[in-house]
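Presented below is the structure to which this report refers.
Chain lettering (A, B, C, D, E, F, G, H, I and J) follows the sequence in which the chains are written, and residue indices restart at 1 in each chain.
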Amino acid sequence: MAEYMTKQQAAEIVAAERFRRGITWRELAEEIGRPLVWTIAALQGQHPLTDEEAGTIGRLLELDEAVVEALEKQPYRGTLDGGAPSDPTIYRLYEVVSVYGPAIKEAIHEEFGDGIMSAINFELDVARRPHPDGDRVVITLDGKFLDYRW
Amino acid sequence: MAEYMTKQQAAEIVAAERFRRGITWRELAEEIGRPLVWTIAALQGQHPLTDEEAGTIGRLLELDEAVVEALEKQPYRGTLDGGAPSDPTIYRLYEVVSVYGPAIKEAIHEEFGDGIMSAINFELDVARRPHPDGDRVVITLDGKFLDYRW
Amino acid sequence: MAEYMTKQQAAEIVAAERFRRGITWRELAEEIGRPLVWTIAALQGQHPLTDEEAGTIGRLLELDEAVVEALEKQPYRGTLDGGAPSDPTIYRLYEVVSVYGPAIKEAIHEEFGDGIMSAINFELDVARRPHPDGDRVVITLDGKFLDYRW
Amino acid sequence: MAEYMTKQQAAEIVAAERFRRGITWRELAEEIGRPLVWTIAALQGQHPLTDEEAGTIGRLLELDEAVVEALEKQPYRGTLDGGAPSDPTIYRLYEVVSVYGPAIKEAIHEEFGDGIMSAINFELDVARRPHPDGDRVVITLDGKFLDYRW
Amino acid sequence: MAEYMTKQQAAEIVAAERFRRGITWRELAEEIGRPLVWTIAALQGQHPLTDEEAGTIGRLLELDEAVVEALEKQPYRGTLDGGAPSDPTIYRLYEVVSVYGPAIKEAIHEEFGDGIMSAINFELDVARRPHPDGDRVVITLDGKFLDYRW
Amino acid sequence: MAEYMTKQQAAEIVAAERFRRGITWRELAEEIGRPLVWTIAALQGQHPLTDEEAGTIGRLLELDEAVVEALEKQPYRGTLDGGAPSDPTIYRLYEVVSVYGPAIKEAIHEEFGDGIMSAINFELDVARRPHPDGDRVVITLDGKFLDYRW
Amino acid sequence: MAEYMTKQQAAEIVAAERFRRGITWRELAEEIGRPLVWTIAALQGQHPLTDEEAGTIGRLLELDEAVVEALEKQPYRGTLDGGAPSDPTIYRLYEVVSVYGPAIKEAIHEEFGDGIMSAINFELDVARRPHPDGDRVVITLDGKFLDYRW
Amino acid sequence: MAEYMTKQQAAEIVAAERFRRGITWRELAEEIGRPLVWTIAALQGQHPLTDEEAGTIGRLLELDEAVVEALEKQPYRGTLDGGAPSDPTIYRLYEVVSVYGPAIKEAIHEEFGDGIMSAINFELDVARRPHPDGDRVVITLDGKFLDYRW
Amino acid sequence: MAEYMTKQQAAEIVAAERFRRGITWRELAEEIGRPLVWTIAALQGQHPLTDEEAGTIGRLLELDEAVVEALEKQPYRGTLDGGAPSDPTIYRLYEVVSVYGPAIKEAIHEEFGDGIMSAINFELDVARRPHPDGDRVVITLDGKFLDYRW
Amino acid sequence: MAEYMTKQQAAEIVAAERFRRGITWRELAEEIGRPLVWTIAALQGQHPLTDEEAGTIGRLLELDEAVVEALEKQPYRGTLDGGAPSDPTIYRLYEVVSVYGPAIKEAIHEEFGDGIMSAINFELDVARRPHPDGDRVVITLDGKFLDYRW
């Protein structure tokens, strides 16, 4: 039997190799032609990559074959434990934080540096976007960036 | 001593009286000249109303004085228990769901009917919006509306 | 201000009045022309009834107006706390137990008496059902009924 | 003392070797002559395989003897932690999600691709199936498949 | 609408009225012709009584009609929250403690006074008892009674 | 410093070696002259073995010295996390499940095969057994064996 | 049906009436001829009082009959939720805190005023005390009293 | 970089080496001239040892330098998770169980053998001990030793 | 028996009456000659007031006698549930948040309006302050005030 | 692929190497020209170091390159699990304990020795500090140091 690796282990290696080489998430996203947040989430183990995408990432970050293979596997998603709200409409928002929260964090740090989106100097809007396959709910979160400043 | 009431009790009465009269959240928001989601959140006890705003709501919904007073009080915010992510950048997203989740739910139901924003047929984007007081993080959640359909 | 009532309180009253009158859930479902499990779930506060449906139930069970009104309100769904699985595909199964578990329980008791569906003498199947609006996942749980027997 | 392995470790190796070879769960099920979901659950460590079944799987996936042996051991079942409903009738449904949830997930992905069974565009039915050894509860979950689509 | 009562409320009233009148659980069990532990569990809201049994209890304890009715309702069983073991074989033991633990407590107190069954000066045995409808697992717990002694 | 091992690790090795050799728990119990359930519990790390008992088990299963030594150590007992009932009389029952639950599970599987003791087709009795050192509480659980049957 | 009361409700009334009359716990203990901590624990609902003891307390504090009766009932003991240590030897210490912690608190406040026993300026000893009925474990906690001082 | 070790790992090694050599906790305590329970707690990682004390223990148990070093480190104390009582006076008692519970357990086992201090055949006392640096709270727990007896 | 009231109920009434009369916490603190944060904490039920202090507050806010009495009672302190850090040095910081967190919140709102102290634009310092009764740890938290701004 | 390391692993190595060399946190802080608590927190993995700062630390403690690299990575912050207060104003205080609690602990131990800041002999103050970029909330915690004294 050859070696194998979990998606979580692969994600840690990808993050370390990316950091070591000074390659941005955005560059990785562009290399595989995918949106930024989707790419980060996928490389964090929340989405499966295609064989071609995983190969591209593997060549850029000089990953072992076992890491590349792990990127293609079907994920068991989510990062939050316990305390989920039971109402399905609210749960979907919680699921977004669980699946995409770490990716949003990385995207914020890459764009703004070390800090947060304020939830106090903050506003949000819920809108309807018509779509031929069914209208869409568009929720916009808009908060001031606050950098860690001692 | 006169009667008094918690913000949570007041929120339940406001919701019941609003439903009974067939008045929309949007109408209430317009009456007090505030954004829709802010208004719902405030009437759910997540923000304090000014004396004037509370009075307007009280007249529209024929609320007792104790209810009106409760709407003006400083809130103890949040609706989620346990399981909060410890990282501050991710926590702020969780806080948004905790403070505004029920308001988003009401806004979705009022606009679309009974259902959810899909987290599967879904995409999200993180962007920077320049602002003279400090640039802002703008996160857009965009998911298909799915109505409860048996 | 008139009286008001939560959906949970209304659900308890409906259950008590139904039991007292010896009316079955199936009869209530037939009166409003809805499927059995949907009807139980709705009367347990997991779905909103239309004005007409709520009125019919109210007349059959001689409910106060505040109860009838509560049946029509938008629900905050779900009955399980904590321990939700984070993977979205598995979560949807958990959500089904959270939203419909008590209704399934009532349907089993009404049809079979006091007891359970065995999860040991049990099999299940996952199948694809083609559908013009998108194919459907059909999961069939098939377990022996075991009655409480001392 | 020779090496040994837990059922959980064996399950991870089986999943990795299956994925690497591009063998479907259905093919494995057919090779050992067992139903699909039972086979996935058993290879995830939720049921013991017979010596012959484990040997067949071992040959197909070129597993070490310690892995094959682990597949035959008596399992400690279940995947969910905390939050179990206390009512026995509802608990059996929860136990089904705990024991078979990951197997259902794999079966959905193999048949439909990456996505979920909707719990919103969804219906379910509870029926009685007569059986000489005791009538059976048959619960049918029927939800639209939603694929992950960005 | 007449008054109604939950099984939990009814159980508290039964316990209080029984204590006040100095009637033992055993006497109640004999009056309705049921085993002792079953009777206590049922009067604690863990089993439904028949109309006749509930009537007998009602007359003995001079209960209101709403209490008698509650005793006949289908229960939502169980008393323990969280921490349930996931393995089904072990879970059934836990379920026994959850459903019957308070009844065992009352039976111990009635027979021995205030105290516990030791789990230290203790032994247990697992045996098979042949039965035409399927053999039975018989587990015997045998522990020294320890009374509260200051 | 030589190698050492926790009781938990030793228990996993004992279970694996026992399974591999096809030796029953009952045979191990007879070899050391101890009751069946006590023996299983002790080999699961819930009781300390004497030096002689541990040596006997070590020779039968060809265990390393570090494993034998671990079997003799004073245990930190219990297998359940959280959710313990606070009442001492009920807690002792919970402690029995925590300390002996896995041993009961193994005893059931060895005697009956893969399955459970039903908690539905089930009865229990609480009795007093006179004893010169203090009377004993004897609780008998009697439930139908249900085998896993697809 | 006459009124009834839980032991918890009775404990709150006893505490309030005792405070209002300026009667110490020690005086109550002396009136019924019981040790101080036992008495506090019993009046907090952790031990049952005899009919005579409850009557004495009732006369001193001018309690309603329903309160007196509640003091005599068999308690469901314990005040701590979750997080109990699983090892039985350690658990007994935890149980002491759960059952007697509030009584120790009251005894400290009555003797020393508002403050704590330090767990930092602190020592403890474990000793054996021979006893004809079986030797006893004597654990002495000895910590400096620290009063709340702003 | 040389090897290093956590205090928890060091504690496990100390416990194993002590057991293997048949050295008692009391002997270790005497060697370093410290009280028994303090010594056990310190060697379980709950207190830092001085360089001299750690050296003495290291020579007696033939420990590696990395283990000796770990014994001298500043500890992160406590062994209990969750469920802590919020009142500071009661919390200090809980903290005693968290920090010293395992040491008390070892002291009981060394003095009495495998068993527990009963919390049923038990009494406790709270007393004031005058002290020039501030009076002390002395709490005495006195419970019968119960040995594990099958 | 006269009426009585818990400290929690009294705290809610004090907060409501204070708000209704537009009296600040600072004014109340000055009236009783106590520091601001101590006063808020005490009126939230975290410290006992003297008879004189409680009387003064009662006259200012026109409180019933039962409320005044409750303010004088010994408190059961703390507001946080679960998740407490086990290390005593860190726990004391957590205890400060548990006991004084709501008082700090009120003091911030009274001085700055609705908002938070940033934990991002933030610094903290730990210093030693010599004191004849023993040196003191002085921890200074210094964060930018952020007001809720939509 | 070269080796890599998590920030948590790096923090453990830094702590061990610092202790082994007898270098104080304050010396490390001075070497990189940062405040004491910030430096400890950063070396515990709660803040990223710059390339230059990490290099300085690496040379002082003779760290491997993988450790140095890990010190520069963007952290996932926080040390507390569960039980977070939901109100944002109070949560920020909790976040301070979660992010800086272990650093405060180390600073106290380095300055005062092994012990705690008392939360009983304790006072705190909330003040406003004017600042051109926005006024600041300054919270001062002032508690007596208590050393561990047996």
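Going forward, a residue touches a chain if its C-beta (ideal position, glycine included) is under 8 Å from a C-beta of that chain, and two chains touch if they have at least 3 such contacts.
These numbers were taken from a predicted model, which means no experiment stands behind them.
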{"item": "Size of the rotation, in steps of 5 degrees, that lays the CA trace of chain G over chain J", "value": "180"}
{"item": "Repeat of interface C-E, chosen from B-I, G-J or H-I - more than half of residue-number contact pairs shared", "value": "B-I"}
{"item": "For chain D paired with chain I, centre-to-centre distance based on mean C-alpha positions, whole Å", "value": "54"}
{"item": "Distance between the centres, which are taken as Cα means, of chain J and chain A, whole angstrom", "value": "28"}
{"item": "Inter-chain centre distance, chain C versus chain G - centres from mean C-alpha coordinates, in Å", "value": "45"}
{"item": "Residue list for chain D, restricted to those that touch at least two other chains", "value": "35, 38, 76, 79-85, 87-88, 90, 95, 99, 102, 105, 109, 115-116, 118-120, 122-123, 146, 148, 150"}
{"item": "Interchain contacts (touch definition) - all pairs", "value": "A-B, A-C, A-D, A-I, A-J, B-C, B-D, B-I, B-J, C-D, C-E, C-F, D-E, D-F, E-F, E-G, E-H, F-G, F-H, G-H, G-I, G-J, H-I, H-J, I-J"}
{"item": "Residues on chain H engaged by chain F in the complex (per definition of touch)", "value": "12-13, 16-17, 19-20, 62-64, 67, 82-83, 102, 105-106, 109, 114, 119-120, 148, 150"}
{"item": "Parts of chain E lying in touch with chain C, wherever the complex brings them together", "value": "1-2, 4-6, 35, 38, 47-48, 69, 72-74, 76, 82, 88"}
{"item": "Residues of chain C that touch chain F when the two form their complex", "value": "115-116, 118, 120-123, 146-150"}
{"item": "In the complex with chain E, residue positions of chain D that touch it", "value": "75-88, 90-91, 95, 98-99"}
{"item": "Contact footprint of chain I on chain J as seen in their complex", "value": "35-38, 79-85, 87-90, 92-97, 99-102, 104-105, 107-109, 111-112, 115-119, 122-126, 128-129, 131, 133-146"}
